[in-house]
Amino acid sequence: MFVILTLLMILMIAGAVVAIQSKNLLSAAVSMGVVGFGLTLVFLVLQAPDLAVVQIVVETLTLIILIAAILKTTMKESKVEKSAVVIYSGIATVVLLVILVFVLGGVFKQLPDFGHPDLRMSEYYIEQGLEKTGAANLVASVILDFRAYDTLGEATVLFTAVMGTFAVLRRKGRKE
Amino acid sequence: MTYLLCSLLFLVGLSGVLLKRNLIKIVISLTIVEYSLFMFLALVGYKQNAFPPIVKSVAEEANYVDPLPQALVLTAIVIGLATTALLVALAVRIYEKYGTFDIREIRRLKG
Amino acid sequence: MKGMTEIVKTVSKLLAGLIFFYGIYIVVFGHLTPGGGFAGGVIISGAFILLIIANGIDEEKIKGEKERASFLESLGIFLFWIISIIALCMGAFFFLNFLGKGRPLNMFSAGTIPLCNIAIAIEVSAALCSIVIAFILVKKGDNK
Amino acid sequence: MSSPSIAQYLLPVLVVLPLGGAFLIQLLKKISKLISDIIANFILGVLVVLVFSLLNSPVLVYKVGGWMPVKGIPIGIYLVLDGLSLLLLIIINMIGLISLIFSISYMRRFTNRPLYYTLFLLMIAGMNGVVMGGDLFNIYVFLEVAAIASYSLVAFGTEADELEASFKYQVMGTVASAFILLGIIIIYSITGTLNLADIGRVLKDEVTEAPIILTGVLFLVGFGLKGAMMPFHAWLPDAHPSAPAPISAMLSGVLIKAIGIYTLVRIMFNVVGVIPLFSTIMLYISAISMTAGAFLAFAQWDFKRLLAYSSISQMGYVMLGIWLMTPLGILGGLFHMLNHSVFKSLLFLNSGAVVYGTGSRQLKRLGGLNQKMPITSSTSLIASMSIAGIPPFNGFWSKLIIIMACIQSRHFFLAGLAVVVSVMTLVYYLKVQRYAFWGELQLTLKDIREVPFAMCFSMILLAFLCTIMGALLLPGVKELFIDPAVNTLVNGREYISLVLK
C-alpha cells in the first residue's frame, strides 16, 4: 500500500511539473487531468471511496470548463523570453521553495505520524454515527448532520460562483 | 515521508503561480495547489489497515478511517471547483478584451 | 455550435439516459453507499452536458435553457435552506435532524439526510449545467 | 434536548436571513423590477435591528444541530457571539444597509440589478458567518462565500481594467485561502478537533512547538493577504477603485476588517495565545503599512486609488493599536476600526457620487464641485476632517488614544510616526478637497447636478455618524459598545472557558 501511494504521488508531481512547463495550453490542461485522476487513485488507496467518486466527477467537469475556455481563445503559450527579470525571479522563487521544503519537512516530523491519527472529535462520529443519525455512510452523516452548517455554506459557495460567472460573462456591464 | 511528497506538490503548484505569465497556467497551478491540500487532508485522516467509513452491519465494531477530514475534503473540492470556474470565466473575458493571456502584455495595454 | 458526427450523437443519446439514472441512484442512496448529493448532482449534470456537447445547440433555444437552469438551481438551494430552518422555526436548534431515524441500513433511514441529498443534487446539477452553458454561449472573441 | 434561549435564537437568523434573501431574489426576480430592491433593503433593515437588539447580551454560544458536547468534547459547530464579534456585526450590517441605500440609485447605470443584490446579500451573509463562527473550518467556508461574492462584485462592471483587477484579486485571495487551509489541516492533525475553544484548551501549554509557530506564520500570511497588510497589499489599489462605489465602500470599510484583521486577532488572542516575538513582528508590519500607505496615497491623482492606499495606511493604525497588547492600545485600535469603517465608506460613496455626476475620477479633470454638488462636497469635507484627525470629529479621538497608548508602552518612535502620518493624511486629503471640490469650476462640468436623493441621504447619514461618534467614549455609552470588545481581547484565553463552560 505504502509503495503504491508513493508511486502515485511521484506520478502526480511529474504531471504537475509537465502541466506548468508545457508550451501548449491544451497539453497543460490534459496533464492537469493526470494530476486530478492520480488524486482519485490516491483517495481509493487511502480508503476514501466517497472522495474518489466526487473527485473523479468534479475533475472531469473542471477539464470540460478549462478546455472549453481554451478552445474559445488560444492554445499557444505566450513566448517567454529569457530576460534578466525572469531568471532572477525564478532563482529567488526556487530558493524560497527549498527553504519552505526544509521548514515543512521539519514540522511534519512532529505531527502524529502517518497512519496513526489521534482522533478526538471523530471518535464520537465513529461510535455513535449510525445510531444517532441513522446513516450508514459516516461521511454523509458528518456532512449532513453533525456539520450540516458547513454544507449549507459550501452549497452557497457554489451558488455564489455561478452568480459570479453570470455577472462576469454577461454581455454589457454598464447601461450607457 | 508521504507528507514531504505532498508538500512538494504544494510547492510545485505555488511556484507555478508565482513564476508563470499565462493566465490559464496560473489557474492550472492554483488547481494543483488545491489538489495537494486535498491529498494532505486525506493523508491526515488515514488510519493503518482500517476500513472505509461505511458501516456494513449494525453489530460488528470495526475500526474505521477518520470520516471528518473526508467531509472537509468534500467541501473543499466543491470550493475549488467554484473558484476555478470563476477564474476561467474571468480569463476568457480578459482574453476577449485584451486579446492575450500574458500578464506583461495586459499590464502594458492597460497603461 | 454544431454537434459532432452521427455516431457520437446516437451513442450520446443512449448513454445520457443511463448516466442520468446512475446519478439519481448515487443521490438517493447517498447515506448508505459512497457518493451523495454532490457526486450524484455532478453526474446528473454530466448527462446533460454530454447531450449538449454531442448534439450541438442553437443560440436562442439554449438561452431559455440557461434561465430555466438558474431558476432550478435557486429552487434547489432554497429547498436545502428550508430544510435547515424548519427545525429553527419549530423552536428547536437550527439544522436539527427532526425526522425519525427509521430502521438502519435501508433506504428510508436517515431522517433529513436523504432530503438534503436530493435538494443538493438539484442545486449542484442545475448550477453546473448553467456554468457550462454560459461558457458555450461566450462568442469566440467578438469585440476586442 | 434543551431548546435554545430567546437571545441565542437570533444567532443563526443573522446568517440564514441574508442567505434566504439572496436565494429568494433569484427565484422572484421575474415578478417585478423593484422586488429585488425591496427584499434586499428589508432584510438588511431587519438585520440592523437584530444586531442592535443584541447589544448588551452576555457571551452567547449556540450549538448548531443541537449536538451537545460528549465527555466535554464539543461535537457540532458552535456559533459564538461575544463583544468583539458584536462590534464587527454592527460595522458589517450598518455600513451594509447604508451602502445598499446608496446603490438604489447608483446601480441604475449597471445592468442586471437582481444579480447585484444577490451577490451583495451573499457577501453580507458570508461576513456574518465568519464573524460569528466558533469553528475553524466553518470560518474558512464562510470566508470563501464572502470572498467569492466580492471577487465577482469587483468585476461587476465588466470593463477591461476591472476584469484584470478582479483576476489579480482572486488569484491572491485563492493563494491566501490555500495558506489558511494548510494551517487548518496542521492544527487539526495536532489537536484532532476543529472547535476554536477546544483547540485553545488542547494547545494550552505547547504554544512554542514548531507546528504551532508554522501555523501562526501561515495564518499571518493568509489573513495578511486577505486584509491587505503591507507586504501583501498589491491587489487592493487595483481592486477597490475598479469596483462600483458602494462595493468599494463595503470592501474598504468592512471586508478587510471582518476577514483580514478580525480572524487573525481572534485566533491569535483568544485561541493560540500571542508570543512576544509575534506581536513585535505585527507592530513592524503595521508601522510599515501606516507610513508606506500614506506615502503611496500622497502620489495618487485618481480619487479612488488615493482612497484605497489611504485604507492601507489607516489599517496600519488599527493594527498598531491592537498589537500593542495593552488595554488602552486595544481600545484605541478597535475604536479606530469602528471610526474608519464609517468615514472611509463615506469617502468612497463621495467618490461614487463624483463619478455619477461628472463621469471621471481624475482629480486633475475635476474642480469647483462645491458650487454644483453642495451635499457631496460638504459630506466629503466632514469625512476628510475626521480621517485626518481634526478635533471635533471621531477620527481625532481614536488616533489620540492610539498615540497615548504608544507613549504609555514606551514606543516613542511609533508614537512620533503615528503623528507624522496623521499630518500627511491631512495634507493629501486637503489635496483632494482642493482639486476636487474647491477651486474654479471646469468648463466641461457646467451642467452637472447634485446626485439623486438616495445617494444624498446615505452620505448625510454617514456624515452625521462621523460627527456624533466622538461621544462613544463617554462613560455611559462606552460600556455598551466598545468595552465588551476590548475585554474579549484583553483577557484573551478566557474565551475558551466562556465557550466550553
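Lettered A, B, C and D in written order, each chain numbered from 1.
FYI, a contact is a pair of C-beta atoms (placed from the backbone, for glycine too) under 8 Å apart; a residue touches a chain by one contact, two chains touch by 3 or more.
This is a predicted model, so every value here is computed, not measured.
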item	value
Chain pair, most C-beta pairs within the contact cut-off	A-B
Centre-to-centre distance between subunit C and subunit B (centres being mean Cα positions), rounded to whole Å	22
Inter-chain centre distance, subunit C versus subunit D - centres from mean C-alpha coordinates, in Å	36
Distance from the mean Cα position of subunit D to that of subunit B, given in whole angstrom	28
Cα-centroid distance, subunit A relative to subunit C, in whole angstrom	21
Multi-chain contact sites of subunit D, meaning residues that touch two or more partners	19, 23, 26, 64-65, 137, 141, 144, 148, 151-152, 155, 158, 163, 166, 189, 194
Subunit A residues counted as touching two or more neighbouring chains	49-50, 54, 58, 61, 65, 69, 72-73, 104, 111, 117, 119, 121-122, 125, 130, 136-137, 139, 141, 143, 145, 147-162, 164-166, 168-169
Junction residues of subunit C, two or more chains touched	32-34, 36, 38, 70, 73-74, 77, 81, 84, 94-95, 97, 104-105, 124, 131, 134-135, 138, 141
Pairwise touch network: line, ring, star, complete, or other	complete
Contact set on subunit C toward subunit D in their complex	70-71, 73-75, 77-78, 81, 84-85, 87-88, 91-97
Residue ranges of subunit D in contact with subunit A within the complex	19, 22-23, 26, 64-65, 67, 70, 73-77, 108-112, 115-116, 118-119, 122, 125-126, 129, 137-138, 141-142, 144-145, 148-149, 151-153, 155-159, 162-163, 166, 186, 189-195, 198, 202, 209-211, 214
List of subunit B residues in touch with subunit A within their complex	1-9, 11-16, 18-22, 24-25, 27-29, 31-32, 35, 38-39, 42-48, 50-56, 58, 63-68, 70-71, 73-75, 77-86, 88-93, 95-96, 100-102, 105
Subunit A - residues contacting subunit D, complex	103-104, 106-107, 110-112, 117-122, 124-125, 128, 145-150, 152-154, 156-157, 159-161, 163-168, 170, 172-176
Subunit D residues within the subunit C interface of the complex	1, 3-4, 9, 12-13, 16, 19-20, 23-24, 26-27, 62-66
